[in-house]
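Residue numbering begins at 1 within each chain, and the chains themselves are lettered A, B, C and D in the order written.
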Amino acid sequence: MSLWGGRYSNQIAEGLYNINSSLSFDFRLYHYDIRVSIAHVKMLAEQDIISQSEKSRIVEGLKEINKELELEIKNKKFDYMQTEDIHTLIENRLFKKIGKTAGKMHTARSRNDQIAVDMKLYLKDVIRDTKRLLLNLMSAITQISKDNIVTIMPGYTHLQRAQPITFAHHLMAYFYKFKRDYERFDNSLRNINVSPLGSCALSGSSFDIDRKMTAEELGFSKIYKNTIDGVSDRDYILEYNFNAATLMLHLSNLSEEIIIWNTSEFSFIELNESYTTGSSIMPQKKNPDLAELTRGKSGRVFGNLMQSLIMLKGLPLAYNKDLQEDKESVFDTIDTIKAVLAVYPSMVKKINVNKKRMELACEKGFINATELANYLSRRNISFRKAHKLVGKLVIYVEKEGKSLTDLSLKELQKILPEYSECFDEDIYNYLDIKNSINNTDTDGGPSSTEITSKIDKAEKYIVKEQI
Amino acid sequence: MSLWGGRYSNQIAEGLYNINSSLSFDFRLYHYDIRVSIAHVKMLAEQDIISQSEKSRIVEGLKEINKELELEIKNKKFDYMQTEDIHTLIENRLFKKIGKTAGKMHTARSRNDQIAVDMKLYLKDVIRDTKRLLLNLMSAITQISKDNIVTIMPGYTHLQRAQPITFAHHLMAYFYKFKRDYERFDNSLRNINVSPLGSCALSGSSFDIDRKMTAEELGFSKIYKNTIDGVSDRDYILEYNFNAATLMLHLSNLSEEIIIWNTSEFSFIELNESYTTGSSIMPQKKNPDLAELTRGKSGRVFGNLMQSLIMLKGLPLAYNKDLQEDKESVFDTIDTIKAVLAVYPSMVKKINVNKKRMELACEKGFINATELANYLSRRNISFRKAHKLVGKLVIYVEKEGKSLTDLSLKELQKILPEYSECFDEDIYNYLDIKNSINNTDTDGGPSSTEITSKIDKAEKYIVKEQI
Amino acid sequence: MSLWGGRYSNQIAEGLYNINSSLSFDFRLYHYDIRVSIAHVKMLAEQDIISQSEKSRIVEGLKEINKELELEIKNKKFDYMQTEDIHTLIENRLFKKIGKTAGKMHTARSRNDQIAVDMKLYLKDVIRDTKRLLLNLMSAITQISKDNIVTIMPGYTHLQRAQPITFAHHLMAYFYKFKRDYERFDNSLRNINVSPLGSCALSGSSFDIDRKMTAEELGFSKIYKNTIDGVSDRDYILEYNFNAATLMLHLSNLSEEIIIWNTSEFSFIELNESYTTGSSIMPQKKNPDLAELTRGKSGRVFGNLMQSLIMLKGLPLAYNKDLQEDKESVFDTIDTIKAVLAVYPSMVKKINVNKKRMELACEKGFINATELANYLSRRNISFRKAHKLVGKLVIYVEKEGKSLTDLSLKELQKILPEYSECFDEDIYNYLDIKNSINNTDTDGGPSSTEITSKIDKAEKYIVKEQI
Amino acid sequence: MSLWGGRYSNQIAEGLYNINSSLSFDFRLYHYDIRVSIAHVKMLAEQDIISQSEKSRIVEGLKEINKELELEIKNKKFDYMQTEDIHTLIENRLFKKIGKTAGKMHTARSRNDQIAVDMKLYLKDVIRDTKRLLLNLMSAITQISKDNIVTIMPGYTHLQRAQPITFAHHLMAYFYKFKRDYERFDNSLRNINVSPLGSCALSGSSFDIDRKMTAEELGFSKIYKNTIDGVSDRDYILEYNFNAATLMLHLSNLSEEIIIWNTSEFSFIELNESYTTGSSIMPQKKNPDLAELTRGKSGRVFGNLMQSLIMLKGLPLAYNKDLQEDKESVFDTIDTIKAVLAVYPSMVKKINVNKKRMELACEKGFINATELANYLSRRNISFRKAHKLVGKLVIYVEKEGKSLTDLSLKELQKILPEYSECFDEDIYNYLDIKNSINNTDTDGGPSSTEITSKIDKAEKYIVKEQI
């Protein structure tokens, strides 16, 4: 039985029914919908719009329905194929339970404000969970970083060896990326924490409702200042979709690196077997499926963001049925992020780091060339000039199959005779990778002191947020 | 039991299992997967790679499994939560049924080529269905057009009344848009009709397989000329996603017009009640939900196209796990289009056309102004000059609250004295909307003769294609 | 002359040069790049990495170059076709001006951190401008709302007349949407206000640089805590692109309504002629081009957001050349928003409101049906029951070609005999549109008191922010 | 001077002018616009709508303007900042040149059909060029493949070494991907080759125009069968955008591989120096910028496709100003593809292949494991069983730090005692990589015979298409 139809002489077309029903996906909101109804009828009673005993009967009925639905869903006995939406389902069940008093529940409200407030309550819980899972990831990163403060590796630009860094330095870059994601989710609560309830269809109600009372009861800190805005606003869904997109973006970047590091050619890391899968044809394979899937799923989350923007484009106020399409995509994004974050942190934590291979990789590729240019520019050669001179040295050693440290002082002076007085024995201290890393005590740089202090702060941040 | 794991000492992590399993969505391919396996083992036997009796046992087992799965899915008893994918499920069941001979089925193939060929067979059926449903829509359009060959309405540009047309002329524009969609789907079979089977993991097999034999058995007209391309190609999925996007685009355009025409303000049409829904709060409402949902769902289909492009971006050859993400989005698009096309044609067919309102709308808005400019430019005034003169006349009549036909010959001559000899009694013939439409016998234009002939050809096209 | 090439034996290919050069779009950053260089060399001198006199020569040279570039660009004499990027152009010019000392400017920095800090300074200015323009729009909305506090119009859901509201109530919904946009832009400064300078290529420098000093000099409140994050972070660009997307979304919604209201059929408003354009063929046309272009340009801004996400997907750390593609799209978005907001507020302000038409539209469409249901549910009929009864009344009056207010008390009692005692003379007070609006004193609702108070607060907000 | 405005009393707002003018981007169509006008006036004269001498004057004037514009643009003297669009500019110039006869040119046409036909003519040329450039790329691939028919390398799945292939086999996979792109562009001509000219604003004209005549004159094979469709259809732009997107997708994939192969760790190839660039800070760097930019630019082309779909979503017929936004994005895509394809083929051709490293990479990673399983399954062990047994062998040899070929017959028999009789001396033939590749004579596989024949056909295809 639908919540409308008084003026209808015919049934709606079956095909329309099928495409129109949202119960198959909005049933996940049942608990929030019931909480909202309870808050609403409490207010109706408080405002003398319904009686106290009507309120009690409705509230009790709703609580029973909540328990029943919980059980049905848990036991996979919930049949979602018969009703227009979760609101209709609950009102219909209430009718069966308490009779016509159920018909008073929908006084001074509409499904337009109801679904909006349901979604906001749901998203509040989702964001709390997302944040918690994200902290696990951030924690996994600090843990593995802690074990790799002195693990030297080449820093890359353009996937070419560039300058020496440490594995901890590299990984901690992701810590800050995820921290920004964390804060973006947290920030988005600002717009979620505003209650649309009482906006009704679009223009409020001539009943003397108290929007602030329901807002408070449901834990919102504010109410929408305009009822038309209250039912049409979907910014908070866009914000969730966007924040999820940047999170998946950062995960796609880390996954790409894990995939590359885990190749035979790089061999910088080995994934724990439990986070890989095999091949049905090639017996030797251990594939980094989780990293690949995560990278692939970024497309899905980006697509969902795009979907929601496109759907909203060019719609007039206030409610249009198009808005029903806001849910499946954000639910898919929520489920995706939850599934990824449920397992990604353990994969990261259990990464087997091949420190030797990383260090070995620093020996080739002239990653101390910048240091050499810096050395020269400390001897009153302009950096631009020094950069060119080192370029020439690189050509030389490359031809000879040597590395920069292989050059003797004499050779250096011979190749660049005009600058012979610039080269001194101390040059080899500068060319040494470990020295060079620890000489770099730039704030935020790779030196052990710096990274240790940063990891320490990161851990404190996590602990603070976990409370 | 997975199809791999010989080299594994531990179980894979539960979270990885959850995110990795594709059975919850790829089970819809079971029938195709079985057809592929049957074709494959027939070929293996033909090539003496397995024996005839092994083939027979496998084929019979597979046929039984096919029936069982059909029943389980029909009766909603299919439990998809225990296995990695549909291939594994079927091979496992085969083991239970026929024992270790089942292990020979996977000789000289991989899930990489298997899933690709499954998808292609599935898409062939999907496209056949999509085309059939699309013909229904095209047919609905010709039918309603046929009833409205002389239904005059304003043609709009910028949603402003522009020039007089007929409702049939307007609707038939959509016929041609959907015809292009139809042809694009048809065209896409060219790339679908190429078999990847035998590409195995990526490089074919050292067994003496016959790729052409399986291709023929499965109804493909060609085979991939490169096995690495065979397992990595997803162009055909992108093509489906794109063709679906243009179809949904055209549906979004038509839906927007239906929504606008169906407003109280336009009142050009009234939707049949069965294709609208009501409101839980406003008893009077009959909302054009189907048109709105269709418009909204265009965002979803565009988003799915984007998702698949993003997922594929920057992947190296050959197979990467990211590719598993090609399915859910295209399935969602397929289901969306099917659900929309299952009901949209009847909605169109049953539209109640308010011919009077449409004709009335032609009286205001100066939609015969172009005709007036044409009239003058037939009198050796350049069109650009004529355009300006009519602009002035429009200002005049607008101020006076009149329409152009209200102007007497004298008034015309008085307002534009320099051009007084240009105005003649026959001007009113030109200004008459119906005359003007039928004077416009441009190929593809609104005149009855033209439209009748076009509808006639359209109907023949539909009949030809429906066979 | 490029800033590298010491190790190169050949010229780069012409085609690569063409596609690689960013000067044609990054020249707009010249002023920021020079400010950054000045801050950087001041710090170098302070830290004794270069001498005070070297610093002075460089700073003076840069200031001259700034003036020259300003002039060249203003007079369209700037030839951007000869150099790799703006950094190279400025360093090359500095060489010409002050000789080899110019070569010291690039000590302890890289283009990787330089471009990031340039962009952030630029975006700070852009956001300041965007916010200012957005306030103009918000102000235009409050102004026109103020004139329409008692302008009655139908509120729409599904583009069907739903419940009575006022034009001010409707427009103010947009005020709050744009206020959220405004706050999102403001919020995004949090991540912009962090300086990457000193991150150099990716790992900081072995020179004793002071990152906090340059950050302070340039007006940043923080520095990146990790140098690899400093050069690879593009979140702030994504945030701008997203915030711009929601703004354009809201503008697309308002534009759609303006286009619809401005049709002959609605005639709720008439756009001021200066914000419309004509047709080359139809002399009568006045098209709402600005609203249409704005709606259309939302696609562009959404596309730019998507482009930047896609470009970043799956990139390893730290800098990759792909990142160069972050600029053109965000510049296009910035220019689009600026162009739209430069003219949109005046269009809104000068809208000619057809109050009569709006009021007239309230008479048809049963928009007081909810009120009637409310009336009944005040008489101890449950709302759900009342909703159904009114549905029947609607069928009746629709058939009769009447409106609800046309029904006499007797008729009402006759149609619903079982509820005859529920109907009283006071029913006509409830059915009266104006009464019903002012009865609705829900917080955020359409009543004059409510809206007046909200507009008042909105104006105060604008004044506060404009300072 | 605009082409309209007769009815306007005021100037349009400056801000509207700025955002509305399309000349800054549509001037690139000048040549096509002039061709269209010439064809149009020829037809007008043929149909006695204008006189022969009027026609001659207009045509001559247009030809002069064409030459002038060509020169101005070539010499960068074209000032595009003063006029609404290219049509207005040309008509204004014609007025200056031949006086009021110019005003007859626009008889029986509108800018709505004019811009559509301009774009189609332009796209025909663009597609011809795109196809030519694409053939260069396909040719570069066949050339480098030809040199690498026996260059052994590991085939990868999940970026893990999977099975042995050859570099030619791998590269030729891209040949077929680009061939599909080539054919898609070619196919898209079908919809482009339909003339909208004569559709006028939307409904044709009451002048006796001959649409087929202009279509033929301009080289179109068909005309639109519905004039409203003629002015509103943008499918051909979407098709170009989509075809460009798949091309850029394939280029992004190849670029990713080039970047990875070119790392120090893989060292499979070395890019020719001329297709790399250096660093302003790190003297040793040679970065694969072209490959990175190409990968990055895929985001741009995908974004443009999305932009055009979004812009078109939900628009009513026929022309809306939003449609003006179809141009900049497709122009950007066209320019992007042209710039990439202008240089990418030479980069590919000049790749320096490190055959030794590729071969060496085959020795590790157990890429002959599938062959070993095949070997066993030829000895009546089911493939699934064989797969598991080899999994165990892999564990063994991995622990021992050996490769599969290092195992003696005795060792094999000892590890798998139950299957000892299955192992024979000939096993080493099967495990040999080169043998295994050449044993794989699957159609489309890596064997020299297969690849040689495929390259041969590819070359013939290119020659055939280049004519």
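Here is the rule we use: a contact is a pair of C-beta atoms (placed from the backbone, for glycine too) under 8 Å apart; a residue touches a chain by one contact, two chains touch by 3 or more.
Because the structure is a prediction, the values reported are computed rather than measured.
Counting hops only between chains that touch, subunit B reaches subunit D in a minimum of 1. Two chain pairs, A-C and A-B, are compared here, and A-C has more C-beta pairs in contact (counted per touch definition above). Taking each chain's centre as the average of its CA atoms, subunit A and subunit B sit 33 Å apart. For the pair subunit A and subunit C, the distance between mean C-alpha positions equals 24 Å. Counting partner chains per residue, subunit A shows two or more touched chains at residues 3-9, 106, 112, 157-159, 162-163, 200-201, 260, 278-289, 292, 295, 298-299, 302, 306, 309-310, 312-314, 320-321, 370, 387-388, 390-391, 394. Residue ranges on subunit D touching subunit C, taken from their complex, read 2-16, 18-20, 84, 87-88, 106, 109-112, 200-201, 273-290, 292-293, 295-300, 302-304, 306-313, 320-325, 328-329, 339-340, 342-343, 346-347.
Every residue of subunit B that touches subunit D in the complex is listed here, in rising order: 3-9, 91, 100-108, 112, 155-159, 162-165, 169-170, 172-177, 180, 187, 191, 198-209, 211-212, 223-230, 232-233, 235, 238, 242, 245-246, 249, 252-253, 255-257, 260, 295, 298-299, 302, 305-306, 309-310, 312-321, 370-371, 374, 377, 382-385, 387-392, 394-395, 398, 430, 436-437, 439-446, 454, 457. Within the complex formed with subunit A, the residues of subunit D that make contact are 157-163, 259-260, 262-266, 278-289, 292, 306, 309-310, 313-314, 361, 364-367, 369-370, 372-373, 387-388, 390-391, 393-394.
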